[in-house]
Amino acid sequence: MSDSLRDAKAKSDDARKPDRGGNPPVRPAANGQDAVLSLRGLNKEYERGKPVLTDISLDFPARGVVAIIGPSGTGKSTLIRCINRLVEPTSGEVLLGGRDLTKLRGARLRAARREIGMVFQEYNLVERLSVIENLLCGRLGYVPLWRVWTRRYPDADIARAFELLDRVGLGEFATRRADALSGGQRQRVGIARAVMQSPKLLLADEPTSSLDPRTSVEIMTLMRDIAAERDIPVIINIHDVALAKRFATRIVGMSEGRVVYDGPPEDLADSHLQQIYGRGDAGEWIG
Amino acid sequence: MSADTAPQDAAGLRARAFRPDWRMRAIWAGFAVYVVYAAGQLNFTWDRFVIGLDRGAVFLGRMFPPEFARWQLLAEGLLESLQIAVIASAVGILLSLPIGLMAARNLMPVFVTVPARALIALARSFHPIIVAIIFVKAIGFGPLAGIFALILGSIGFVAKLFAEAIEEISLKQVEAVRATGASFMGVVIMGVLPQVLARFIGFSTYQLDSNLRNSTMVGIVGGGGIGGTLFAAFQRFDYDFVAAILICIIAMIMAGELIATWLRKTFQ
Amino acid sequence: MTLSADTRETPRWERFTPSQRLARFAVYLGMVMVVVWSVRNVRIIPEFLYDAHNQMADLFTRMWPPDLAYYPSTVHGALIETLHIATLGTILAIVMAVPVGLMAARNIVPFRLVNEFAKLILVASRSVNSLVWALLFVAVFGPGALAGTIAIAFRSIGFVGKLLAEAIEEANAGPIEALTAAGASWPKVLIKGYWPQVQPAFWSIALFRWDINVRESAVLGLVGAGGIGLILDSAMNFFQWTRVATILIAIFTVVILAEIVVTRIRKRLI
């Protein structure tokens, strides 16, 4: 499956236009058909007059890993939650496969949400359920209520859950309770749950911030590979610049609610990092 | 990934994912059978319920409008309930201090804690109304029986929690005070009380609130207060007066709750 | 309490500010005054008070020895009925309290008006004593265990609903967010997100309330709402003190046993 990964990398390389200056905030829109997800003029204010996100316009291609970097409190989490509307954007459009998600309500919104898998910083597993049932929670958008209530999940879903659990290396933990797992194991379950949704793209909000460095690398590798196998793109919020440079095919730098860098990881220079993270020594973010 | 997706038995996978818990199912089935059996034993029938609903509508109709014309009787009863609650709380809380101290197993020898704990268990196990009816039979009708009943109830609650609080304190501070050569009372006052006073005030205000609620009830069995008036009104089918009494009782209880909250804040 | 000007000028350490001390002093004074007023005005015949210990001793001698033969013939049946009332009342209370508790939880129903309405129901349920509920339902359904059971249920709604709403509000929002992001509708979020988190609290609330209800249902018979209180009342009215003793022992034993059972089950649940 590594071919498709290389494919993905090559394709996103094609689509990319490096901005050498580091200052142009808006990336030229990619050719429309290629982008699976497009944000257009996204704004968010929790309180009036205090914008958290200002005029975010981004296109995400159908493959590859996009890392969104920036200091904490800069609106990365808000941005990623605006995509599946866990946070309601104040204005702007979120186009998934040509549909504007900000216009959807009720059942249609839920149907759109199930196409977007999400991985969380604190894993957000239902601790008192078994690992396998946590995976099956990824199918809640598809399975009818009475089956959820009686735990009569469809056979195909159960079979897929076991397959995925093997894939993330937790085959023998199926009937353990989620709170019996270590942090890295929980995040693997979190990834498997997101993939259970058969998503068109994967969002991840600081998926490694609660993990030690070695486990972080394992989790990033798993996420990149599993997305490549399924040929879906990943959008990751991450404050660790080194990890971002190592795994991402494209980096979006944010500062104070605006996009200040958008380009390949190779072109991310210290001057950009200074712009993203402010006056502080940019080196500490790389090391 | 490995492509050996051997055709897996779906039922087998399901059983692996959700192992049927026969013991839990048996417990639930037994519980359901019990509920049906118990409801049968108590003669619950749908007819009785429906007839009751009809009567309930008539009953509610007769409660309105509430009749406040006999307000003097009402005020008298409420004041007596208040007096019962105040006296019982004051005496009960004061008695709870020594009894709770005697029941603390980390400070007292066994021959002291056992009788103290027995007294507390006895006081806790009986509903204040049952205690009240016994006192009424022994010493006659009137608020005194209600006061005694609520004193016992206060001891059961405050002394128990006070003893538990003392058992959780740090003995280091107690040792420090003891090292200065203080007497036993000195140790208690300087080493023990400061550590548990805040919690003691917490239980006590809670008990004050609870005594106020029960002081409106002890009258039902002759223990004084508004409860007697309420019961008499029920027996005479004076439902509009019942409504007036209930409104006053609820208002007093809510006021009591506010005062208890305010007291707790002042002492925190 | 607000800081008054003079404490800010003097750096001397004090445990309380003067206004705090004044407030405390006022409270102490008020409490003493209320107690004194109560003692002076309460309708107590002093002879009754001075004679109380003799009367109590007299009553207990008349109770001895307990009429144990009375247990199998009458007390046992009444005791079982009391337990039925407590258990069915608790179940009925839970059935009614769950929807009200959900309505009262701000993270489930984000409408203040609905929350406040639900809280009003809960407060109303708690403010009326179980004996009063019993009196009301005896008037509605006639004397008997049905009135008692419904009284126990109505009294318990407030307790169960309040604690349940608090447990729901304390639930971790993370899993809820994850299930919402997976496209789950709110009943599914409720079943798979909230219920597993609230479950331990739920069982412990139910058991705790059952324990309280065993005590409370022993009293209901005094107003005709079934259970052991009924035979206690009649034994007292006929001055059959040895039978009263048997009944009291039976109540005491059952209450202690219920507490032990509840403690055991709770330990296994946690």
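Going in written order, the chains are labelled A, B and C, and every chain counts its residues from 1.
The working rule: a contact is a pair of C-beta atoms (placed from the backbone, for glycine too) under 8 Å apart; a residue touches a chain by one contact, two chains touch by 3 or more.
For clarity, every value in this text was computed on a predicted model and none was experimentally measured.
Student: Which one of the chains is farthest from subunit B, going by Cα centres?
Tutor: A
Student: Where is the C-beta contact count highest, in terms of which two chains?
Tutor: B-C
Student: Where the centre of all protein Cα atoms falls, which chain's Cα centre is nearest to that point?
Tutor: C
Student: Using mean CA coordinates as chain centres, what's the subunit A-subunit B distance in Å?
Tutor: Centres of subunit A and subunit B (C-alpha means) sit 52 Å apart.
Student: Using mean C-alpha positions as chain centres, tell me how far subunit A is from subunit C in Å, no decimals.
Tutor: Comparing mean C-alpha positions, subunit C is 49 Å from subunit A.
Student: For subunit B versus subunit C, what separation do you get between their C-alpha means, in angstrom?
Tutor: Here subunit B and subunit C have centroids separated by 5 Å.
Student: Of all the residues in subunit A, which ones touch at least 2 other chains?
Tutor: 133
Student: Tell me, which parts of subunit B touch subunit A in their complex?
Tutor: Going by the criterion above, the answer is residues 1, 5, 8, 10, 13-14, 16-19.
Student: Contact residues on subunit A for subunit B in the complex?
Tutor: Result: residues 1, 130, 132-133, 136, 151, 153, 155, 158-159, 161-163, 167, 174-175, 229 of subunit A touch subunit B.
Student: Going by the contact rule set out above, which residues of subunit B touch subunit C in the complex?
Tutor: 34-35, 38-39, 41-44, 48-49, 52-53, 55-56, 59, 79-80, 82-84, 86-87, 90, 121-122, 125-127, 129-130, 133-135, 137-140, 142-144, 147-148, 213-214, 216-217, 220-221, 224, 230-231, 234, 239, 246, 249-250, 253-254, 263, 266-267
Student: Under the definition above, what is the set of subunit C residues touching subunit B in their complex?
Tutor: Interface residues on the subunit C side: 23-24, 27, 31, 34-35, 37-39, 41-45, 48-49, 51-52, 55-56, 58-59, 80-81, 84-85, 87-88, 91, 123-124, 127-129, 131-132, 135-137, 139-142, 144-146, 149, 215-216, 218-219, 222-223, 226, 229, 232-233, 236, 248, 251-252, 255-256.
Student: Within the complex, which stretch of subunit A touches subunit C?
Tutor: 84, 86, 107, 110-118, 120, 122-129, 133, 137-142, 145, 148-149, 190, 193-194, 197
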